Amino acid sequence: SWFYTDAAAARALLQPRTRFSHKGNFGRALLIAGSYGKIGAAVLSAHACLRAGAGLTSALIPQCGYKIMQTALPEVMVMTAGSNKKIVSDFPPLGAYDAIGVGPGLGKDFKTAKALGGLIEKMISPMVIDADAINLTAENQAWLAKLPRQSIFTPHPKEFERLVGPVANDYERLARAKEFAQRYQCVIVLKGAYTAVVLWNGEVHFNTTGNPGMAKGGSGDALTGILTALLAQEYDSATAAKLGVYLHGAAGDLAAQHNGMIAMTATDLIEQLGHAFEQLNHA
Amino acid sequence: SWFYTDAAAARALLQPRTRFSHKGNFGRALLIAGSYGKIGAAVLSAHACLRAGAGLTSALIPQCGYKIMQTALPEVMVMTAGSNKKIVSDFPPLGAYDAIGVGPGLGKDFKTAKALGGLIEKMISPMVIDADAINLTAENQAWLAKLPRQSIFTPHPKEFERLVGPVANDYERLARAKEFAQRYQCVIVLKGAYTAVVLWNGEVHFNTTGNPGMAKGGSGDALTGILTALLAQEYDSATAAKLGVYLHGAAGDLAAQHNGMIAMTATDLIEQLGHAFEQLNHA
Amino acid sequence: SWFYTDAAAARALLQPRTRFSHKGNFGRALLIAGSYGKIGAAVLSAHACLRAGAGLTSALIPQCGYKIMQTALPEVMVMTAGSNKKIVSDFPPLGAYDAIGVGPGLGKDFKTAKALGGLIEKMISPMVIDADAINLTAENQAWLAKLPRQSIFTPHPKEFERLVGPVANDYERLARAKEFAQRYQCVIVLKGAYTAVVLWNGEVHFNTTGNPGMAKGGSGDALTGILTALLAQEYDSATAAKLGVYLHGAAGDLAAQHNGMIAMTATDLIEQLGHAFEQLNHA
Amino acid sequence: SWFYTDAAAARALLQPRTRFSHKGNFGRALLIAGSYGKIGAAVLSAHACLRAGAGLTSALIPQCGYKIMQTALPEVMVMTAGSNKKIVSDFPPLGAYDAIGVGPGLGKDFKTAKALGGLIEKMISPMVIDADAINLTAENQAWLAKLPRQSIFTPHPKEFERLVGPVANDYERLARAKEFAQRYQCVIVLKGAYTAVVLWNGEVHFNTTGNPGMAKGGSGDALTGILTALLAQEYDSATAAKLGVYLHGAAGDLAAQHNGMIAMTATDLIEQLGHAFEQLNHA
């Protein structure tokens, strides 16, 4: 039950496109992200969602991010909700979206927590849960039972420990992730030098792309956007996780080729997503 | 009365440029677009209008879009009007413009509807009517008789049904579009996998450019900007529709060559408009 | 007294650079520009000023343009003044600047007029006077006697007629420009298909660069920025006008090569200024 | 004790990267910068900090810069503090940062001065002190004794004279810099045509990269960002100063190759930092 996602494996996961695609086919994605001073995390995840092929990308962000998001990404529709301008709260009905990603730069305000708890109860289709949404889940473990099956968690090592408690080493981390994925029927993307996608059926897929230049702020936000876009395009969670992690790393490798590992940014990575998809298509 | 707009047909439609062009020649275009959270639609249509060659591009947008538009597109002049900051209403006198495009991201507030109704009564030269301006027209069918002759509607299938009622299949859709175009002496651009330009004289021109990667948010906004720019440059409505739809698709094909169908965005398409024009000029 | 500014003539005007240049050498330029809805004109002129080599570029703009300018051009320092947020008024002391360009998108509010009149009385070194600053001068002809000698006016044909009254044809326009330049000891840049630089000594220099694709909004704003930057770098007014008009056209020609005459924008032109300078240096 | 930092010397200073880098390794950098009208200085320094490889870049800026910074650089986290919207004051606890750079566009308000004085007392690890932070230090010489050892000052000639008093010539400037560096156990980067890095041990390292096109607004802000990023990546101060000054000049040389010395901007330089690093790695 150990696998590697290399180019051949990733290519096999990719959907073909037909001429008669329309916006519905590419799907409607929503990112719930951002808080005062961390609106960039929302921008990066929405940007990655666009570049990973979502048909319509929307963002639910705090009011303090309104002009920022609309200026940065004209393709993204913006909703703001809640009386506090600095955080997201009071989610509107979100039934129109094919996929929801939540967490980048979100903050942990109790109003945000309350709204997220409410969303988790109502959601049926799988979500992508990242960053502060992981941290809030860790603090509200009762949510785990209510979470849509096959949701995807994307913790870095510290976030993972918040979720499951202290972990002694890499080996134990993987074991605990398998346990967690099985118990809650979810996908755990354990981010690290060799990111592991841990499935609810016990499979572990090690990614083969990526480089140290990705160990920078915004890299995880980009991954959340990619995974949400893939879910919106009707990839199942396991495929979305394996393919998304592969593409994220491949785009990072292309960014490193262009600007070097030291200088490359999350935006550079996002701008290479198109070429990462094309490499798979044409190789 | 069935035609195809291929490269040769499109090239024949293109105006030559002379050295003594001045701003007046390229024309004055106005986009009326945007509402809270959908200012990006206004930005995309104005951006496409610039890149499709309008001499002066102005935008009438809600106040909540002021800084966004001025930051994104320094070449565009901005007007805001109305007491509600989130929508466009209370149109100022618009006689100075050679062409007006209305609809992208506009919303359907009753104040917007009232202002649009007033505009339609006053306008003499053809307009481009897209998105929510189509939806509002569908709800105010009395406007149709007052609409400037040879205006261009750009509905996607659902918008078209709002305008004419339920349609059983592609064949009926075309028949109804011909009927509608003839009755109201307008042009219908039926957007889809093979976009059809339906003229008031019964001609149907199928477009030969474009790809599934264009089935994403913002693509239609770009088309509205292109058509408005062509009207401003004194193309007649039929020519503007055929040529504009062709260029939109050709730019989309160039964008797909650069970034792939999955990753390409409406902004990518817009940035390729220059090369799409050049391909026609030089081929 | 008729000349052509071709590549050889322009090259002869260009200053050499020495290693020991410092910010002082490149000079301090100020643009006074913009009003509500026309902040883009201020952005374009400041952008062109940067790209034409000013050491420090500042902008005096209305408060409604503050975030727009600072977001668009981090290299530009911004001042806002006056109680009305939509216009520029109440100029602060401006003695620290080596060159001032005024007019793009400025509007004609009487408070702006009053402030401009005050500036003209105090200024000693030549200014660049464009757009609404020309229109305001036309309405306040008493300013002309007080204007710093060797200032540069950059009227398009209509603005020129506002300044000197109706003109029957191109021949009369040139004659009147020579008269005006001599009387007020200034430079007139008569913008048109073949822009003419008319000097106070009776010389007329016809420019040989440029193309119809430049006949679009923002093109004149860019020229103002270029001329201001050249004055700041201690070019005399006659040289700045001849060289600046040449470079503006050459950059426009490069922009047309890249994006075509139809699609090219003022920003495209500005982004080619570096290559226009390099062409002169290396040809 | 006179050295030259050429490509070979700079290459020897560069750290290798290992696969197991994570955000912690690249370090957490903070820029304290900006004031009303000079937010661009904060943007440029944060941009350079990103491109010089900091793992996480944060900016403490005045409230009037919030949207500007978040729009320009989504990778940067923003903090605003203080009741005056136009300046930075009332620094929050800053213990979480591996390196702090302070000064670009900061202004000299007494509240900013007070906050900076407080920061200097508390800081243990070396800081980068630039622009108005140098000017404020010059006016508060008591800070010098409390400054973290091995901090880096980056004065241009006038700022240096404010710090140490009038200087007759280049020779005296260097002598005084050596004295100052030794007394306060700091690094002085004397900016000029041949920038000199003066260490506390008496060594002087002359830089061999750079060109007159860098003598423009924003160039120094970029250097501050680079130095802060290198400190965050655990370069010691002497190495950071020598390597950072070298890379700054090398990126400027690449920018000049692309856009020419006249047209190149600080942003152009920053965008070449990746290639400057790569040149060292691969040469």
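For reference, chains read A, B, C and D in written order, and residue numbers begin at 1 within each chain.
Note that in this section contacts are C-beta pairs under 8 Å (C-beta built on N, C-alpha and C of every residue); 3 or more make two chains touch, one makes a residue touch a chain.
Just so you know, these numbers come straight off a predicted model, no measurement behind them.
Visitor: Taking each chain's centre as the mean of its CA atoms, which one is most distant from chain D?
Guide: Relative to chain D, the chain whose C-alpha centre sits farthest away is B.
Visitor: Over half shared or under half: which fits the residue numbers at the contact of copies chain C and chain D, same or different?
Guide: different
Visitor: Quick check: how many Å separate the C-alpha centres of chain B and chain D?
Guide: 49
Visitor: Taking the mean of the CA coordinates per chain, how far is chain B from chain C in Å?
Guide: Computed value for the inter-centroid distance: 34 Å.
Visitor: So which stretches of chain D touch two or more other chains?
Guide: 67, 71 - these are the residues of chain D that touch more than one other chain.
Visitor: Are the chains arranged, by touching, as a line, ring, star, complete graph, or other?
Guide: Contact pattern: a closed ring, each chain touching exactly two others.
Visitor: Just spell out which pairs of chains touch, all of them.
Guide: A-B, A-D, B-C, C-D
Visitor: What residues on chain D touch chain C, complex-wise?
Guide: 37-41, 43-44, 47, 64-65, 67-68, 71-72, 156, 192-193, 211-213, 215-218, 258-267
Visitor: For the complex, give me every residue of chain C touching chain D.
Guide: Against chain D, chain C makes touches at 17-23, 25-26, 50-57, 66-67, 70-71, 73-80, 273-275, 277-278, 281.
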